[in-house]
């Protein structure tokens, strides 16, 4: 039996990362790379889709990343899709297979997958938002019969910024998944839809009472997507988001990730819209 | 109640006894700095300043201090604290929890309430072993305040001017002696080998009660709203103009959070050695009043004005913490009001919000009536 | 992270007192291993050898004459990373005090009729002439900050400056605020990082590290007046190091209207 | 760096290294005749006097400190002394002792930097300190060890070495504790063998043999080896109160240099360690006297290369002095005292100090608490004419040697003076009203 990683912290220090190994690095776009991380010994992450880890580059620092791989497909390894955005992520991008990184987690509340059995699932990742949703999508696809329709509407700013293109192709090829991809700005070769992600929503036929929507993206996107989804009649409790905040500890101590009274790292990062809609600082 | 009595003169012996077994910390005079020549015409006399520091002996202990610059939180959560050191790119890590046996003397009841709140924050959920280790090895000797320490203190309003239910050892100044209440086994351990202590007599109880009841009248209420009303007062004040006004004044210097006994936000930083493969990770105090506190990669700042940051601080203290811990996040010590250069004071802020509400509801009643 | 080869670093000085370079030399007392991590190829104050092949250029001093500009640009050409070392390079330093007076006046006062001979213009931060990747503020620089910045550069990242005021560090040191003693201090608008060394030694912060990105100067001035500072006293105090920044922000305001 | 054109063209040493500030040497010797022999100061002008004008007086020491990072304590002290004399401020004995101690530490720091890092590499045949650190790490570590203690003294008294924080008109804004002084004493004690080794190291080194008669000027006091105050004394005889400094220094301006030159009775004079030694040698502490004997330094010495040796003697002297002053402070006990307040807001005053490189003067006129006029006379400025005179005398003696050797010898000569060029780029036109 493999041991959940999080239990290793309880005896020493919640801030002490476990040393793991980068097993593989795959560039996805100019700014994003997919890292496969291998935990030592018998450990396993035992995460839920939507949860995150704190990843350390020793000597540079630590940063939170959503786990991008599905729990249904991991055995001792997990994947993170990391955008180069600052000190830690720059340092991470300079690392390669075999290099050591520190891992703490998994932290936070993921998506309560079980609750969605039998529902129609609508995924709306924007840009890097596909990283956490990919975990959930793949888990759902691995137990496909438990769910109703699976619809993926993916938006990126530019064709060159589309993540996981091979998987998008695989998903599109499936009979039981409806996939639509759009870009804000096209380039010469782009054959697909052009326009922001919200332009895809009106065309989708939904049975709102049985639909759960998942959207992850930048704050501006949320504002517009929410209007559309609510307009479609999807209930506030059935719209799930994952919020990004500055985070240092991952365990509700450092104070950085507070959204009014909520701690993103404990109460989130995945929230149903109903829970945060009245919070001024949420969106 | 099991009351003991200790002559003040016995402090010397007591601290000597304790120093052999513990690191003894207490309020003492901040080393004086020379008076620089003021640039203006208002020459202010230097004020005595106190800090919690390691005691060389009872002569340094100042039990009748008004307040300290920093609260005792710095003992459990130092300004800069090593979390661990690493070598060989992290393949070797070394973690040393601070388990020095420590006594802190002379904690005011407000600060003791604050420590209890920190206990909650650091033990809940995933416990913070660094804090817990220090806390577990520390015994607190609190002292009853017989007078308000400053005009900025509002401990009576916050209910922290009296001892909380949990304490180790509590002192009350009876003039030439201290009354000593024992609240825990850890507390009574401090009394080992102490010869000069005796059990209280009838007269001692009578004196003790005298002192405590005389205290009540000396402490004014300073908030116009009741403690129980604060969460609901704040609940309706989120969009108040008051925050904008305060935001204009605020210097964003984070002084208020540094001196606050219940603030504990921190940042984590790595320091590497020249070999670039070994180094240390530190935790350092941070403040929600700083500009970058809530900004994320990509530059989005979720609390991007001084007004919003200031409001967050007040909500955290007066609403969020009481909502989640059932303990007020502000203990009314008055340090932030004392230290704020632009005079942003919780008493004033709360009273202002309260008056606005009264004015509004008055108007509404007029309209309805 | 490891770096394959020792980066070559060079030190240059322009208009300044060389106190920052001296601080670098002093850093060797506590960080002798610095020499094993980098190869110093130019450091005129301390060595005669000179090699024009370098990756990191530390520049001390402000740019105060036309002939400096070409030299700065040549350094920029060669270096991958340019570091402004100290207040002079970062802000113009005390040299910028003279920018409030006309150059002719200044020259005449100091060199009399011969003053015309000297090539000199306003004292500017080097950033006014060339692109600068990294700043190590302070007059002089803080030894630890220099060491940490160098380590960051060795890790191929740019060190980040704190964006909160000196007061924050002043409180961590448990100082009594100088205002409480009637001494006006610029700590609340000045970028932290020095450990509030001046207030900790009983003297006011003079702003040598430059302004934080969102300084509340208006209210600080009001506070200073409230604490008895004479008319104009705040301006006088802030000009010692902030002349260039203040003139720039003033220029911005006039430019907008 | 030296770029030398083919003979019989001039020797030009551009970009003088291992000195503070920017200077060039230009020597044109043809067949033993000197056509040109100049030290060109190309440092950007600093204009400190102009910047001082109009500043509130308490900013003057802070601002003047920034004239030079190496002798910041001396500038600060001279500035404060000038202000105190203008404002009628009386200091406590403790303040005086602390200032002297801080000056001793700066003297140690500066001399150590100079003799070990800037001069020793020449004498030991290592290009500079970096190769020296590889070849003889123990020598470099010894220097760093001693420098560190000097720095710690400065930090305890002034908050930091470069640009002291605590020094102010009327006293100090912060005082070292007695415990801190005890620690410093222990640290000084621990480097005693290093001080001895320093003397031994320089006793074994051979300096160029060159002599030229000149005038030597330094501060003198009735008791002790003067650092602050006293009067101005000349080796040619005569002494003057420091207020009459202008009659002694007679600064003048020359076109090729942003620094002012000075002359007294002769064409030039020398200030600095050798001048101090010649004028005050009887007042050296005992170990320093012994060191002078061991190093063969004589009061009759006329060799400017021996400035380095005089600095080594002073290292010993100021080391002893630091121990003595700390002892005295501990004996008196550190007293918390208020800063002395000015008696008036207008006035005129001169402050003088011995900087590592020689006598430094600050002179201010104050009106209503602000500086109305300012003049600073910097040691290196006073030495420039003397350096050139030395070069002119030395060059013909060595003109037949290899270009490299000429270059090195001339550079070594200039370096011996430990010139502080950024200090000296200032002016002169004094317009006291």
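Residue numbering begins at 1 within each chain, and the chains themselves are lettered A, B, C and D in the order written.
By our rule, a residue touches a chain if its C-beta (ideal position, glycine included) is under 8 Å from a C-beta of that chain, and two chains touch if they have at least 3 such contacts.
Note that the structure is a prediction, hence the values are computed from the model and not measured.
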| item | value |
| --- | --- |
| Steps needed, at minimum, to go from chain A to chain D via contacts | 2 |
| Between the pairs A-C and A-B, the one where more C-beta pairs touch | A-B |
| Innermost chain, where centres are averages of C-alpha coordinates | C |
| Chain whose mean Cα position lies farthest from chain D | A |
| Rounded Å distance, chain A centre to chain C centre (Cα mean) | 43 |
| Euclidean distance of C-alpha centroids - chain B vs chain D, Å | 51 |
| Gap in Å, rounded to a whole number, between the CA centres of chain B and chain A | 39 |
| For chain C paired with chain D, centre-to-centre distance based on mean C-alpha positions, whole Å | 25 |
| Multi-chain contact residues (two or more partners), chain D | 56, 168, 172-174 |
| Per-residue multi-chain contacts in chain B, two or more chains | 33-37, 39, 89, 271-272, 276-277 |
| Multi-chain contact residues (two or more partners), chain A | 59-60 |
| Touching residues on chain C, where the partner in the complex is chain B | 1-3, 31, 33-34, 36-37, 148, 151, 154-155, 163-165, 167-168, 171-172, 174-184, 187-189, 202-204, 212-214, 216, 219-220, 222-223, 227-230, 233, 237 |
| Complex interface listing, chain A residues touching chain B | 9-10, 12-17, 19, 56, 58-62, 83, 85-86, 89, 99-102, 218-219, 244-246, 248-249, 251-256, 258-261, 266, 280-281 |
| Of chain A, residues touching chain C in the complex | 57, 59-60, 87, 90-91, 94-95 |
| Contact set on chain B toward chain C in their complex | 30, 33-44, 46-47, 49, 51, 69-70, 79-80, 89, 248-255, 258-259, 271-277, 285, 287, 290-292, 306, 339, 341-342 |
| Touching residues (chain side chain C, partner chain A) in the complex | 1, 155-157, 160 |
